[in-house]
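What follows are several structures.
Heads up, the next two complexes both have chain A, just with different partners, chain B and then chain C.
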Partner chain A sequence: MTRKGLLKSIAAPLLLLLAWATIVPALAVPERYLPALGPILQNARAVSGELLASVAHTGWEAVLGFLLAIVFGVVWGILFAKVGWLERSLFPIFVALQTIPVVAFGAIVVIWFGNTLMAKVFISFFLAFFPIAVSTLHGMRMGDRQRIDLFRSFGASQAKVFRLVELPTALPAIMVGLKTGLSLALVGAIVGEWFGDTVGLGVMLLQALYVEDVLRVWVLIIATGLLGSLLYGLVSLCERKFVWWRIE
Partner chain B sequence: MSRLASQAQVLLAIAGALIVWQLVVTVMHVPVFILPTPTLIASHVAGNIAQMLGHLGLTMAETVAGFAIGSLIGALLAILVMQVKPAEALIMPVAVAVSMVPTVAFVPLALIWFGVGMSSKVAIAALAVSFPVLINTLTGLRRPEQAHVNLYRSFGASSLAILWRLRLPAALPSLANGLRVGFARSTVVVIVTEMLGAYAGIGQVIYQATAQMDSTTVWAAVALSSMASLLLYALLVGVLRKTIWWN
Partner chain C sequence: MSMMPAAPSGQPLIELVNLSKRFGEGANQVVAVKGVNMSLQKGEFVTLIGPSGSGKSTLFNMIAGLLPPDADGGIVFAGREQRHGELLGKVSFMPQRDLLLPWRTVLDNAIVALEVEGMRKKDARDKARALFAEFGLAGFEGKYPHELSGGMRQRVALMRTFLFERDLILLDEPFGALDALTRSLMQRWLLDIWAHHKRTVLFITHDIDEAIFMGDKVAVMSTRPGTIKYSENIDLPRPREAAVATTPAFSAIKKRLLAVVEEESLKSFEGSGK
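Right after this comes the complex of A and B.
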């Protein structure tokens, strides 16, 4: 990113915070709807220990689920691309599964695993897996037929064609799937905690809801947003470092 | 391969999976709470069909209402950002900041603001839908090349005429994309919101059944809501394909 772009991407959130800090008190917006930034920060400081532990807990669940989803999703996507009958019979089901409320399966997963770390990791994995698999297949399909034939005609093995043509073509598409999958993994971890846990952002959200603590809800919204942005930033960083090329 | 044959193959795969599921559970004596058989789930749905359909109807009504409102907000915001320069600096940072937060984190806020009734679910679905629609519509509106815009302008077209005749038709396929993504999200968030607080609805059924470890009811609710949202999604895609045939 250029320096100007970086400046711009930092300036917008800062301006937003400034507007929040000044406009809300000036208009005397009722706290129930939008509390001012000051009280929210104070509220956050009061529970800073629990908040940090929760961010780490939920983040860890989401990251583990996400990493599992990358491994299985990419392998499934490549299998789909290579094995015709598998793709024809299962791929439509994969697409369909993306439109159904998969998160409802979270209840079943919690019945299976109980309130363990495994349960949340599995829900995160399950939600993130499908977009990654689908976008991997999509990426594998973008491989230029002529280029692959050229490689084959010079005697390149299947593995070599895969490594030198198909995978590099597919990676930008896979990265798109990773970004979708990442946000879903975070959703899975939070919702998984609603079915019963003692630490985590989902737990804190539930508690804040029961006592109707609007300030705490805003603290948690901001914390969740920051966690999401941090993870998203890490994925973008990896993309910029390792998958910098574009496929037309 | 013909369309019919490939559809047959998919149906075959689904039927095969159901048969394997039924056999494995029966032969290995898997306890019901771990995995009920498909026939047990089906008979559970059939046995409580009136009640189940009532919950499903409510959930789907909330989803469709939220989807409609959210799409409208997203599309209108995109047009506003396109047409009014200062609006972009005002709207986009807020939209991006809100989109960075997973929608489920807003669920408690929606329940506190709008209560346990339908409106909190409609609001949260609208929130989930509006961002993908906004982003996709905006991308579409910006697609026409400057040369085309200049051509229209040189013939004396106003900025509104350019929007109506050039930008909107160019944006519709992309808008349709946003609608598809948005719909898938809206069912999920409605069910999730119902889990945390509702008088009725599929999400509430799932939540109560989980608390009682009644896994047959959970499976029945998941299966029913999945079929319903698949059906609605297919309907949406069909309508979009018919109305927006250019690309």
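Right after this comes the complex of A and C.
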């Protein structure tokens, strides 16, 4: 990214923070609706140790779930694209699974895995999997018939056509799925903690809600936002470096 | 099906025997190609003129091995009749669009066919590098396709085709999308390359001048069903300069071809009005 581009992308968040820091105290907005930035930061400092541990804990769950979702999502997306009957028979089931409220599903997962890390990873994986599988399927469908035919005329096997043409064609679409899946993986990790844990952003959020600690809720909203932006930034960086081409 | 064995002397490199392709069944059946008979001698440059919708691309896809011909005809290649799929990997095929891979550099686009064949990437690159000057692409090895002009992209696609060293090269309107000036430069350049590399070429175009200027033989296809309507040997001396197009001999050939092509175009025009 150029310096100018970097400046542009951080200018808006900075302005927003500035507006928050000045307008909220100036208008004396009640804390119940929107607290001022200063007290929020003080509140964060008071629990900084627990907050950092929670960010790391929840981030780890989300990253593990996300990585699992990439592996399974991409593989299933390719299988759906390559094996017609598999898509026709299993895809509707996958769609139906997606409509199950994660809160109902979470209870079952905790019964399966107990109160373990795996339970959160699984919920995170479950949410992120679908968009990745769908975008992989979409990307595989973008393969240009004529381009594939050209490679067949060179005598290329199916495996070579896949490696040299179809996969690189699908990658930009897969990256779109990864970006959608990533935020869902984070949601999954947080919601997963609601079913029982001792550390994590989800745990802190639930505790803050019980005692109506408005400042703490805002601290957690900001922390989650920062964690999400960090992970999103990493995925974007990978995309810029490895999947920079667009399919016309 | 019975087929005359090819004569041992002067055996053609490829022979199309009663080649047909029908799509669909019954009343909806479309006959794209019907009873095409044609042969190419080794080293020959044959041009094929056809109005749009004459089944040229269907014909090419069959010769490239991508599409099976109907059972009442076939393709004999190097003296042996080819079953479906057997021609894959034997013919160097260049479709109308350049179909370059946007994620690969010019150099790596040029070597894809060699890579498919299993050549080591380093060896393939060395081999390709030697051709860059001849193809007018020196200095562009590391560029990506989107950084090139249309004429250059086409030259990269041609280099990819020539690097896939097969006796028969199929070119489907390679210069169709280029402006007139670039086109005439590319025509002479391709003839030089052809003379140098000694390949057999089947070249599709809808430009009569191009067909006469390039070919040892010109064949005209009819509109659907596509069949060879007329063919003529072009005895203009080689190497050919651009000025050959102003000679009486050239004009006489052009006049005969125009008459045939016009009749075909008119037929398709009337046909579409129905």
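The definition used in the following text is that the second predicted complex is superposed on the first by the 238 of 248 C-alpha atoms of A that agree within 3 Å, B and C clash if a C-alpha of one lies under 4 Å from a C-alpha of the other, contacts with A are read in each partner's own complex, and residues count from 1 in each chain.
Throughout what follows, a residue touches a chain if its C-beta (ideal position, glycine included) is under 8 Å from a C-beta of that chain, and two chains touch if they have at least 3 such contacts.
For clarity, every value in this text was computed on a predicted model and none was experimentally measured.
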item	value
Touching partner for A:159 - first (chain B), second (chain C), both, neither	neither
Touched partner set for A:245, first chain B, second chain C, both or neither	second
Chain B or chain C, by number of chain A residues touched	B
Which superposed partner A:228 touches (first chain B, second chain C, both, neither)	first
First, second, both or neither for A:107, with chain B first and chain C second	first
Contacts of A:211 with chain B and chain C, given as first, second, both or neither	neither
Set of chain A residues, in rising order, touched by both chain B and chain C	none
Chain A to chain B touching residues, read off their complex	12-13, 15-16, 32-33, 85, 88-90, 92-93, 96, 98-105, 107-108, 110-112, 183, 186-187, 190-191, 194-195, 201, 205-206, 208-209, 212, 214, 217-218, 220-222, 224-225, 228-229, 232
Chain A to chain C touching residues, read off their complex	144, 146-147, 149-156, 160, 164-165, 168, 245-248
Chain A-touching residues of chain C, taken from the complex the two chains share	61, 64-66, 88-91, 93, 95, 97, 99, 101-103, 112-113, 115-117, 144, 164
Residue numbers on chain B that touch chain A, as the complex places them	1, 6, 9-10, 12-14, 33-34, 92-94, 96-97, 100-109, 111-113, 183-184, 187-188, 191-192, 195-197, 202-203, 206-207, 209-210, 213, 215, 218-219, 221-222, 225-226, 229-230, 233
